[in-house]
Amino acid sequence: MRKKKVNVGTIGLGRIGKIHAANIAWMPQANLISIAERKEAIDETRNFARNWGNLKITENYQEILNDREIDAVVISTPTDTHSQIIIEAARAGKHIFCEKPIDFTLARIDKALKAVKEAGVKFQVGFNRRFDPNFVQIKQAILDGKIGVPYSIHIVSRDPAPPSLDYIKVSGGIFIDMTIHDFDMARFLIDLEVKEIFAFGAVMIDPNIGKIGDIDTALTVLRFKNGAIGTIDNSRRAVYGYDQRVEVFGSGGVIAAENQTPCRTVLSDAEGIHSPKPLHFFTQRYQESYRREMEAFIDAIINDIQTPVAGSDGRAATVMALAAQKSYREQRIIKLSAAKGRDEKE
Amino acid sequence: MRKKKVNVGTIGLGRIGKIHAANIAWMPQANLISIAERKEAIDETRNFARNWGNLKITENYQEILNDREIDAVVISTPTDTHSQIIIEAARAGKHIFCEKPIDFTLARIDKALKAVKEAGVKFQVGFNRRFDPNFVQIKQAILDGKIGVPYSIHIVSRDPAPPSLDYIKVSGGIFIDMTIHDFDMARFLIDLEVKEIFAFGAVMIDPNIGKIGDIDTALTVLRFKNGAIGTIDNSRRAVYGYDQRVEVFGSGGVIAAENQTPCRTVLSDAEGIHSPKPLHFFTQRYQESYRREMEAFIDAIINDIQTPVAGSDGRAATVMALAAQKSYREQRIIKLSAAKGRDEKE
Amino acid sequence: MRKKKVNVGTIGLGRIGKIHAANIAWMPQANLISIAERKEAIDETRNFARNWGNLKITENYQEILNDREIDAVVISTPTDTHSQIIIEAARAGKHIFCEKPIDFTLARIDKALKAVKEAGVKFQVGFNRRFDPNFVQIKQAILDGKIGVPYSIHIVSRDPAPPSLDYIKVSGGIFIDMTIHDFDMARFLIDLEVKEIFAFGAVMIDPNIGKIGDIDTALTVLRFKNGAIGTIDNSRRAVYGYDQRVEVFGSGGVIAAENQTPCRTVLSDAEGIHSPKPLHFFTQRYQESYRREMEAFIDAIINDIQTPVAGSDGRAATVMALAAQKSYREQRIIKLSAAKGRDEKE
Amino acid sequence: MRKKKVNVGTIGLGRIGKIHAANIAWMPQANLISIAERKEAIDETRNFARNWGNLKITENYQEILNDREIDAVVISTPTDTHSQIIIEAARAGKHIFCEKPIDFTLARIDKALKAVKEAGVKFQVGFNRRFDPNFVQIKQAILDGKIGVPYSIHIVSRDPAPPSLDYIKVSGGIFIDMTIHDFDMARFLIDLEVKEIFAFGAVMIDPNIGKIGDIDTALTVLRFKNGAIGTIDNSRRAVYGYDQRVEVFGSGGVIAAENQTPCRTVLSDAEGIHSPKPLHFFTQRYQESYRREMEAFIDAIINDIQTPVAGSDGRAATVMALAAQKSYREQRIIKLSAAKGRDEKE
């Protein structure tokens, strides 16, 4: 017997919302039923959706939550709206895929995850990089014992260019907005919790980023429960493109993922040997990983299994991000339980 | 005003026919309307097509040719049926995309191309590799003068494993079936006609291939009109996977395309440094190029422009393949006009 | 007029002493005149030296210092003897090349450097890696503005296997013995002083290293005066060989040095793509750099110019090493002036 | 008991003669005793030799042959003098190392080798590339069965710039002067004789090379006794430097040697990813191989074993070169016995 398709409504149609909507639209196991987007972007939404038949388009995401046809929602709205929508969606009995971060504070994350738990719906956080073929390969090599016991992980994560200052203002800062992917990657690959975090930060690229209270360059050091060490090297601007590398060193060897490039050509001329820059940004580099994370979410619903990225994963990465921010501000090592405690008191 | 979509029927649903059908089905500018496949494979065809709505499925390709709704056909049937279907499709006024090679003989190719010309329909041959991002990049570098005047081209084209002996028997031999892609690539990149061909061949891999009159290893040398030299290194089996490399050397440098791999991980252990094998075979390696060639075909119809791969390109590659075969058999250099003449007399 | 050759005596003929002796012996601008080595190793010393004519071999390094024929000495004895020999050699008017580190304490380093200054002799510290063709290339690229303003440096420095426990006991610990090269490299390439240091350390490889009070895995973070950030990733054992990489990231790009290998062969087989491990250890990897640093020392004497690595460079690296050790022990950020103060009080 | 050192005289001190002389001078197992060079270059010779003690320098190579102290000679004179000197040296009982090619004609080679055989002295031809670490690694991989049965070999051998027209005039042509190294490499690696040769040639780089009857671009195809196929791609000018690559493909995989570079730095900037050009020319790239071939020659004398490159190897490569030249001129496949016959008649 053929399994039922999953009917999906997407809430928010920004850059990443569009990626998710398109992936669902092409997926044999899912139907894209409806899209909610704020009023100002409704025309653009209609234009975007016209190739996919008769979608319901609404300015009010609650219409999607009230729609009995809908099985699952994908939340790609601004971060400060996530927890409220999660709570409502959970109460409406919808399975939930939510972009990262779940929220800016642990208190609100915990409320949202409580609602999810009570409703018994599926929940997945958008840590898409776990599905990138390179990092999947690293994870598998570690599981297969190819590098023995992991001793350290080094993550380079640099954007080709900073986002707008308007975006940065509401982003929660570099650790919450950007490094959060790397915190999750470190946990995912090492498969242990982090007990201590230390962060150096600087404004090296654009003084305006400093003026609005954020930094553009950061080096975060992690200490895992077993003593293993992690480093995360972030920059808001690498002129040679999106630099996304991971290297895990262990007792049996080291495995590293180099950057993906649009092609594998090499030009040798009188000046030197030249090859192409990395894929420009996340829409190119992580195209495959966005597709695969959504397939995994739909698959978890169809087969009633656990989603591969849990709410607790989203929470843990946020704990790390808040600790890194605190470490950077207070210039001292932060023990992770302390970070958690502080936030819970608030 | 939005342009009309192109309605397409595909004829033949083997390995490559399926790739084309899926690409058309997902393409915003085209509608996949109908599929013709021989009786024995009708059930498999229905199963394959069930995700794409109400397709017309038929055992008789002439139903597609007679369907007024259809604008264009894609021919992926066995080679010996191509020219007949081309002639009928052209007379029915359908635009035509035909898999390579157009036919086994120049006489039949010429008849088919004559019908195409008389009907004034678009015609494109399936030299998909021209659309591979690596080779596109090489072509562009040459056009941009990055390597100056091309002196030589070296193509390595090795399959991971030989096809079935049954397939080989009707394939026309290695030069017609396999090297034909490389002949086209050489012409495409150097942008000159070839005046002389010389081929060494051998049975190194499977004696059974020799017993049915074919070879499994070949080295073909090309001499272009301006003296530039080409080599094509073919093998029916490379245990490390699909080896598809091109290198063009010129007065200003050399540009080479290395193999594409599924990811860019590198494992260093006590034994050495290890990285992944090339993408396994053409369905992975040339996935993108199949998609792009079909987009280009549909685009040529919509905008009424020339298709990027003409019937004359299909003919020229066949002339080269026949000359290589003759050179291998007679162990002498073949001048290209001679090869053409011989065939035309037959 | 042809310049006079420099007459050299070497003091200490361990692993690195042998490298220096051989380099001097083959050098056209220098004569290897005498070798001092402790009594137990005199026979081995005679054997080692027999190819280079009539060398004077002595158990008493003061014979070399008293030898009026000698222009310069090379000190490759255990670290705790360095400062005493430096002082005596300086007073004897000999130019001095001394292996790293100059000494274990800043007080003794300062005494030695004072003697050097008073004597007006040339002095060079054995930071050979500054002369490695890879790192020279990085330095030049930075000077040429190829990467713009440096934002961060990442150094990976892993040995293929730990030294003996006996060696580790007297080595001064990982930061003084091993990381000191990396501290110098960071200063050399970024060309700024470091103001803050933070270090995480662990015993991951051999519990016996922990039992004698040292660590085998370390991650040191540097903060340069202008805010730029450095990380140094050390391990006493990388099963895939000597891992010596440096990467400097800046406003205009990133330049990285990959590991040197004995050859550039690549084997593709049914298992994957395989290439050779890095050159096994420092005698292979830094062969060229040992030769070039000694040439530079001899050249500085002949042409009466500054040596390329000053006593102050040796001191600065030791300050960093002591600060890293303190940071690791006290688990807090150390400001560099504090580290200096503490040591001076002792 | 310590073995006696070998006393060597070198005859001819051009570019390669100097490399050999220096290697012998530094070698612990050999003494460089004397150098013969023509009158015009005697001053330069004295200058070159001054670092190596009291060498005997002569304008007359027969003085070396008559010197009873001399055990072996190294012949690096113009090719047309080789066979005469070989014959005289053999009769004088000296072991002989001779630069490639032995001579321009098989008749003279055969006379020289006959004299060697009658005298019972050691004889080695200067096919230094057999000692390059990369090609040694390929040879070993083949012997170890890493690529199974070799099916084909592809050699790229391009110089950074053509030699002077004066040199080319007396060089014997590209096949004798340049490709001869590649002919030897193909035989060395595949370890079978070649039965057929076919060559395409062209003047692409400098019309003046054509005017003096030579070519600057050549593609030579080899057919080994077992059917395996070889290609040799030569050019007198690659603007990106000395391109020296070999690739051997077999039933079990493929092994390739990429170019050696002066360092392993990679610069990523806004334009792309850049790495250094290959080592510029043979004095850099083959430095190690020149040293190792001479060590092997000295070693063969000391231990009275066969030299690793025999006179018959020098002859076989010349047979191939003459056949390639003939194939290029007559534009047909040459069977190797025919080439031999033709030459012997002359």
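For clarity, chains are labelled A, B, C and D in written order, and residue numbers in each chain start from 1.
Everything that follows uses one rule, which is that contacts are C-beta pairs under 8 Å (C-beta built on N, C-alpha and C of every residue); 3 or more make two chains touch, one makes a residue touch a chain.
Everything quoted here is computed from the prediction, not taken from an experiment.
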Give the fewest steps needed to get from chain B to chain D, where each step moves from one chain to a chain it touches. 1
Which chain is most remote from chain D in terms of Cα centres? A
Between chain C and chain B, distance of the C-alpha-averaged centres to the nearest whole Å: 59
Which whole number of Å gives the spacing of the CA centres of chain A and chain C? 43
Rounded to the nearest whole Å, what is the centre-to-centre distance of chain C and chain D, using the mean of the C-alpha atoms as each centre? 40
Numbers and ranges of chain C residues touching at least 2 other chains: 238-240, 243, 252-254, 268-270, 276
For the complex, give me every residue of chain A touching chain D. 238-240, 243, 268-277
Sites on chain B touched by chain A in the complex: 26, 28, 51, 133-134, 136-138, 141, 146-147, 252-260, 262-270, 276
Provide the residue numbers of chain A that touch chain C in the complex, in ascending order. 148-149, 151-152, 154, 158, 198, 200, 202-205, 217, 219, 221, 223, 227-229, 231, 233, 235, 237-240, 243, 249, 251-254, 331-333
